[in-house]
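Structures for review follow.
In the two complexes that follow, chain A is the common piece, with chain B as its partner first and chain C second.
For the complex of A and B:
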């Protein structure tokens, strides 16, 4: 789910960069010293997740794990995903350098949304963390797929066919992401609930 | 300690996935063989880019032709004329890559003499027997054509090998993964430095 160089028109790329810089500046301010170790670990997880390939669908699909990063890190998920994307672009040539802005929005914005949803869900539906974790992982992939289709639509591709393809291609990924996210989150809740942040 | 456990989990997940899974971006490779240019598009060794759009541009950026890859991720077209060719492959969902075919390769192809099959029937082809007093008429062009045919046939495994090496080169290995993890550790080390300094004040 990385957009390559030369696919999108220039104004969209510029808007992506502007949104990314704004979101990064806003989320970085909220990071405390004690958040750093888990942010580092989740950055590493996100960085390597894209190498785990799901051999299904008509195009190349891999794990994203932005939902898991969002649930565990909250606001710090955005800079973590941004750093992961920069390293993926430079070292793996996944996506392009000019598209880091749009790619960060595509994967980081759903992560932020899902982290809020998960926190809200934990407060209003305590004890349903298995379901919530699955929903967080799967819906994050879904949201990213919708954003991908939206971005591709600005490049002249018709929105609905592109969205349909993105959805079909990412359906197996959604299920796997949901499973991985709920498994990891519930393991952490049992072993080290502090990692997921205090419930206020 | 917990960090170490997480890293161990990542490392084991990576080592468990087969090497061929280490590819995501779309790659392409092109070569000229007897006036035909062959394009191969692939995500990884086992996953070809099926039905991807192929566009061919000349050195001035003018689009010469376009087509789609077949189920094997291959696409072939007759080499239009000399000069650099830029081949752009667009797969679905925002995957794109390009390949530059240098003029040296395309020119040798477009100047290629007619191959043995294309030789007009009226031209006498030597049978090796000397009939009468006349020496056999052997046109240099025809010999060149035959040699080209034979060479293309002989070089087929070499073309295949080169494209395989190219695929190997594009694969992501442990080196990239480890250096990425190192960068992450470094960036967060710097972040720790600033966080600690902020605390001191």
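For the complex of A and C:
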């Protein structure tokens, strides 16, 4: 899911950073007072949860959960994903530092879109929250996959096949993300529904 | 895994003694220079520089190689794609894949002397010293602090699930169970935030002064180290331009 250091040209990296700075500045404005520790602690949970590996065919994949981050944190999803990427790069060297901007856009923008769609869906389709959870998890992964393919394609015509392969690789991950997000939404709906729409 | 870096932040080299703000800026410039490289020889030189910095910082070579090897293996998939898709033919494709892999290795290696030569909380505070928004840096520090807590809680939950006979399988039940575990962690974190906020207020959060405080004025030796990193970045780009026939 990450784009590593060394793959993309500098103008694309710079554009990614510019978009990330803008989106982070915009979304950080809404995080005040008690929202600050709440966002941080939940970001830590998402970070740790992303270390869970789920069996897939002969291999396993780690969770992304950006759809679930959008569902739970709303607008705060973008800084949460940005922080997660920084810590992943520094602690595990996953994803790289120069690509943080591009990766944040790739995962954070779909999370913001999904957070709005989920809230709109809950208002329009009451009683379908669990189904909306699956949609949130799966569609967020698909959107991120599309953005990943788009960013890879900006590196030149030689990267088109890599972009297609990356997108195809996201299809099974989409189902896994949808399944796990459904499980979490179902759990929270029964135990603490406030969490599914409490944060701004 | 998230605590590996803690072992190497204590003073072991002159890079450990360098002001974190200048260290982060200097290595960030080096990373930008590396991302500009387009020739295999310059990318190889970047690998040499980064490896030299790792050795100079007296960081654990085996751990560094293991982490870097994973990234190199992942990037090597470009060798399977680019030779067949490059408009310039297979030779140009192999060369481009080689540049990507070497640059990727060099940049991953650079992260170690950049962040693993100081306690991580100090490097993160240095970001506030570099005028990053305090709110973002506070979030980063708090997240980093609670990652350790929830990593341990996840390990406990994993053990309790195994004790009840749960095994990871390729089915919907496994996904539902993982979803429940994530939900449980979120619930616990939600319950904890009120107390965390009160504790932050007790410790003076929101009052005058900020997290960027505590950095002494920049010394001449730190200035020299930064100038050296800046010079290396310029030389690397100039070497690459020379190889590309720009002068």
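Basically, the second predicted complex is superposed on the first by the 170 of 200 C-alpha atoms of A that agree within 3 Å, B and C clash if a C-alpha of one lies under 4 Å from a C-alpha of the other, contacts with A are read in each partner's own complex, and residues count from 1 in each chain.
Definition applied: a contact is a pair of C-beta atoms (placed from the backbone, for glycine too) under 8 Å apart; a residue touches a chain by one contact, two chains touch by 3 or more.
None of these values were measured; they are calculated from a predicted model.
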Between chain B (first) and chain C (second), which, if any, makes contact with A:174: first, second, both or neither? neither
Which holds for A:186: it touches chain B only (first), chain C only (second), both, or neither? second
First (chain B), second (chain C), both or neither: which does A:151 touch? first
Tell me the contact category for A:3 with respect to chain B and chain C: first, second, both or neither. first
A:68 in the overlay: touching chain B, chain C, both, or neither? Say first, second, both or neither. second
Check whether A:165 is in contact with chain B, with chain C, with both or with neither, and answer first, second, both or neither. both
Between chain B and chain C, more residues of chain A are touched by C
Take the contacts of chain A with chain B and those with chain C, and give the residues found in both. 4-7, 33, 36-37, 39-41, 43-45, 47-48, 51-52, 55, 83-84, 87, 91-94, 162, 165, 192
Of all residues in chain A, which touch chain C in the complex? 4-7, 10, 13, 24-25, 28, 31, 33-34, 36-45, 47-49, 51-52, 54-57, 63, 65, 68, 72, 79, 82-84, 86-87, 89-94, 96-98, 157-162, 165, 176, 179-188, 191-192, 195
Could you please specify the touching residues of chain A with respect to chain B in the complex? 1-8, 32-33, 36-37, 39-41, 43-45, 47-48, 50-53, 55, 58-60, 62, 83-84, 87-88, 91-95, 148, 151-152, 162, 165-166, 169, 192
Give the list of chain C residues in touch with chain A in this complex. 1-2, 4-5, 28, 31-32, 34-36, 67-68, 70-71, 74-75, 78, 81-82, 84-88, 93, 96, 99-108, 111-112, 114-115, 120, 123, 133, 135-136, 138-140, 142-147, 149-151, 153-154, 168-170, 172, 174-187, 189-190, 192-194, 196-197, 200
For the complex, give me every residue of chain B touching chain A. 2-3, 6-7, 10, 13-14, 17, 21-26, 43-44, 46-47, 50-51, 90-98, 172, 176-177, 179-181, 183-185, 187-188, 191-192, 195-196, 198-199
